[in-house]
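In this document, chain identifiers A, B, C and D correspond to the written order of the chains, with residue numbering beginning at 1 in each.
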Amino acid sequence: MRFEQWFHGTDVMYHAVDRVIAEGKTPWQHYLFFEHPVFGVTIAIDGDMQSCQADEGIYHEALVHPALFFHPNPKNVLIMGGGEGATAREILRHSGVERCVMVDIDGAFVEACRKYAPTWSEGAFDDPRLVLKIMDINDYFDEAQIPFDVVIGDLVDVADWSSPVAGLYSETFYDRLKKLLAPDAVVATQAGALDLNEAINHRKVRRSLAASFEHVASYGVVVPSFGGMWSYVVASDVPLDVEEMAKRAETSAVMLPAIGAENLAALFALPRRIARSLEK
Amino acid sequence: MRFEQWFHGTDVMYHAVDRVIAEGKTPWQHYLFFEHPVFGVTIAIDGDMQSCQADEGIYHEALVHPALFFHPNPKNVLIMGGGEGATAREILRHSGVERCVMVDIDGAFVEACRKYAPTWSEGAFDDPRLVLKIMDINDYFDEAQIPFDVVIGDLVDVADWSSPVAGLYSETFYDRLKKLLAPDAVVATQAGALDLNEAINHRKVRRSLAASFEHVASYGVVVPSFGGMWSYVVASDVPLDVEEMAKRAETSAVMLPAIGAENLAALFALPRRIARSLEK
Amino acid sequence: MRFEQWFHGTDVMYHAVDRVIAEGKTPWQHYLFFEHPVFGVTIAIDGDMQSCQADEGIYHEALVHPALFFHPNPKNVLIMGGGEGATAREILRHSGVERCVMVDIDGAFVEACRKYAPTWSEGAFDDPRLVLKIMDINDYFDEAQIPFDVVIGDLVDVADWSSPVAGLYSETFYDRLKKLLAPDAVVATQAGALDLNEAINHRKVRRSLAASFEHVASYGVVVPSFGGMWSYVVASDVPLDVEEMAKRAETSAVMLPAIGAENLAALFALPRRIARSLEK
Amino acid sequence: MRFEQWFHGTDVMYHAVDRVIAEGKTPWQHYLFFEHPVFGVTIAIDGDMQSCQADEGIYHEALVHPALFFHPNPKNVLIMGGGEGATAREILRHSGVERCVMVDIDGAFVEACRKYAPTWSEGAFDDPRLVLKIMDINDYFDEAQIPFDVVIGDLVDVADWSSPVAGLYSETFYDRLKKLLAPDAVVATQAGALDLNEAINHRKVRRSLAASFEHVASYGVVVPSFGGMWSYVVASDVPLDVEEMAKRAETSAVMLPAIGAENLAALFALPRRIARSLEK
């Protein structure tokens, strides 16, 4: 068996599937857990590779830690999505974090991840600082009360910008989000594949965030199982000082086993040919 | 039509082929030039993708400029291989370089590249500083006379370590190479794909260089058309100071349109999970 | 390199391509000649496999000989399409045939076939009985004068029934064709792949022919390189007696090296599960 | 997800997988049941497609009925293999059959078929005439007592002729089988794919049977989901009269919904180009 993954609508990769671990449909999405000979346990949602045991650490450390280190003292953190639990795991490595609210719409998928991909959450769901809410993030916006210091967006990537999912990366969405934030809050979100011509998602997300926040920065990291780089955008009303962020990371007690604290700054030094496509 | 590329012996990618530009067999290798919808003109040797118009700049800038900027004042440069002419192109951007000897075994392939992929060499073959020698690099070792300041290894990647090609990355080979070098010379070579389990080539090359030189450093860059990162090793008897190299690059008049001089240092900041595989 | 062929819009086959022989674009179609390790020289038009050296004999014998043997004494034969020349080759094996008019719109493709696939026509283009006309078959309908005894339709298969190509299999088309025919004429045409759900083309062609002729019969033959069976429809105002046809074939001096005269009747004995899909 | 199937070691097909129904490993083989958009439920063993809901009827009717109709009055029938139960289903359609012994080594696979592919056996396992023995067919040879009138070989196809599986098609094997047979017994077995160059299996099986029986005949049928024709060999010490067999089929009350009794004779009329490869 093979798992099919398309790239830029022109190239197709057939990944080896050693074993199907689980497959199912929730009201929100189709999920598949399989064993890949090199990547280990692999999670796919709606036919797109989501995360692999061998390098999800790279993806999640890059998603979480820049935002947390851009902030001087993050205590309250919100995760939008993040069903696998690895985003929570990374946030909770910061002992200064007192409360981490994770809002994911798909309870059945969260359960499946705990069962079939337990190394992603690595106990995060049992941490007393974690508050898991199974609900639509849009509904959560109405009930949230504590202002958040950091928000991490780990929502599904947009395959079709005319679908409802696109709303999760719109200006309106970030506008509503902003009402829950402390003034010096930092927001980071995944922003799609970073390919020679696939930065559409990144540019849309960046533009939406730029409408609500004074400062935005793009960065990326190589995720081998994704066949290239993945991108992120971080945003804040406070200037985003990469050097300061890196210094905090290097002097922190937080371990970044997959990327290494000393390499966080380099995520912001993208080759120009690639960076250029992000700003178009 | 599609071009088939295997990854770690388990996954297979079928790249779109808009048009076959040229296909041929020389005494040394089979070559194919085709047009890809995203990558543009693409060169494959013996069934492996070699270089694409859209991102060969990233590959070649990463191959050439760190070595040239690690050296304080490179005047004589040797290219081992480099048939497409892009390695020469990058070296000749340095106005301080007085002489660049390029030794490639396959004259027919060099001709094919000039004809079907002229943007790779961009006139480098007409630069009076370039001396092109169509011969086995092993034979050239016997006749070379000027001590070289920098050597760039752009030889074909090793698919099978029991084949003769492996000799081009052996200790004996670098031992012989060393006799042609100035005492402060810097050598850099491509060292294979940088995947979660494909660093075998990198480790072998690094080990061979470490046997002949006091200092070696690994680095990599994302090459989107290769589906991930490509790796390099740089070696010298003089310490390799990345900060100093980066400073020289940033203050130099040499343009690095694909990577950007300001991003050269970041090539050495590989995610630990990946760096670890290089040092095993 | 690989040649990609889709089946029922859900499955995809990647055929090995040992060598690209020729590729080109005429005003009418894109053609590709390549060497396949098992099928030999292979011809593709607009991305669809058309014919392979190893089994085109099966395809063409099945297309031509039933119609010619259903007729008691065919002298004047018309080929609609048939650019490769193999349909002409089969017709001209019948020494009773005095004149064979072949009308193909694409002179450049006919030339390419003569050059790169000469075993298809095997000298047929030099036979004095062959009259080759490079023109639209619709225009030929206006100028044809001799009534034809047999007509063989070897026109391109319809990929999209809303495209102009569909007109070549319409009721209007066969209505016009009928004006060129002798009263006891027999018409046979290729009618698409014969798969579990791909008989749409067959059914449309059969229905169009049934509107103009009193008798129609479906048949098929396995063409290994097509990955299954190919189908045909034969039509006439005279009853189509398979037994009589088979007897003529077996007592004829015409050699059918690929199928064998003794096996022609069996082409009409399709498994019911497949035959059923043709009549829906 | 996709199911990968290779053809003649050079071409590869990726079948659509709508849903994985079940996957498992028995002591004897790996099995996979999946849903294909066109073929319906599909069974694969050790990575090779075995049988599909949409056309297993064609495969199994071709396997079973010629042998049963070559025999004037079959009462005792032996199935070697046949785990899915469809071979038994076809045999039991003959009301004259009094006893059908089915010997399959893999009880877990038989159970899986009953559970996940019940339309294959369609109640055959509950027919009082069926005796199911889960054991090695070689061991059964020692204990069988009633002389059989017909034997149907539905054992796994040989992928590697140096593996133990090859023994199931050897001269020694048929020699031992013959001791269990009535003098006028008829034996039929599947004999591999019938492709332009894949008739190796067929030729080996035919040769082994020809060493033990006076008469052998090859035949085949198109199985669309297999991408072409599948072949069989029938053998007996009594002459195999195809016309007589066909007449019995046509006058019998046994329904052949997939092939049709009137089409059984045509299975023996293979195109010469294909038949030739069987006799080499």
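The rule is short, and it goes like this: a contact is a pair of C-beta atoms (placed from the backbone, for glycine too) under 8 Å apart; a residue touches a chain by one contact, two chains touch by 3 or more.
From a predicted model like this one, the values you see are computed outputs, not experimental measurements.
Engineer: Greatest Cα-centroid separation from subunit D: which chain?
Structural biologist: B
Engineer: Please tell me the distance, in whole Å, between the geometric centres of subunit A and subunit C computed from their C-alpha atoms.
Structural biologist: 56
Engineer: Report, in whole Å, the distance between the mean C-alpha point of subunit A and the mean C-alpha point of subunit B.
Structural biologist: A distance of 34 Å separates the two centres.
Engineer: Suppose each chain is reduced to the average of its Cα coordinates; what separation in Å results between subunit B and subunit C?
Structural biologist: 53
Engineer: Give me the residues of subunit B that touch two or more other chains.
Structural biologist: Expected reply: 14.
Engineer: On the basis of the stated criterion, which chains touch which? Give every pair.
Structural biologist: A-B, A-D, B-C, C-D
Engineer: Could you pull out which subunit D residues touch subunit C in their complex?
Structural biologist: 7-8, 10-16, 36-39, 54-55, 57-58, 194-197, 221-222, 224-225, 227-229, 256-260, 262-263, 265-266, 269-275
Engineer: Flag every residue of subunit C that touches subunit B in the complex, lowest number first.
Structural biologist: Contacts found on subunit C: 1-4, 14, 17, 19-20, 23, 32.
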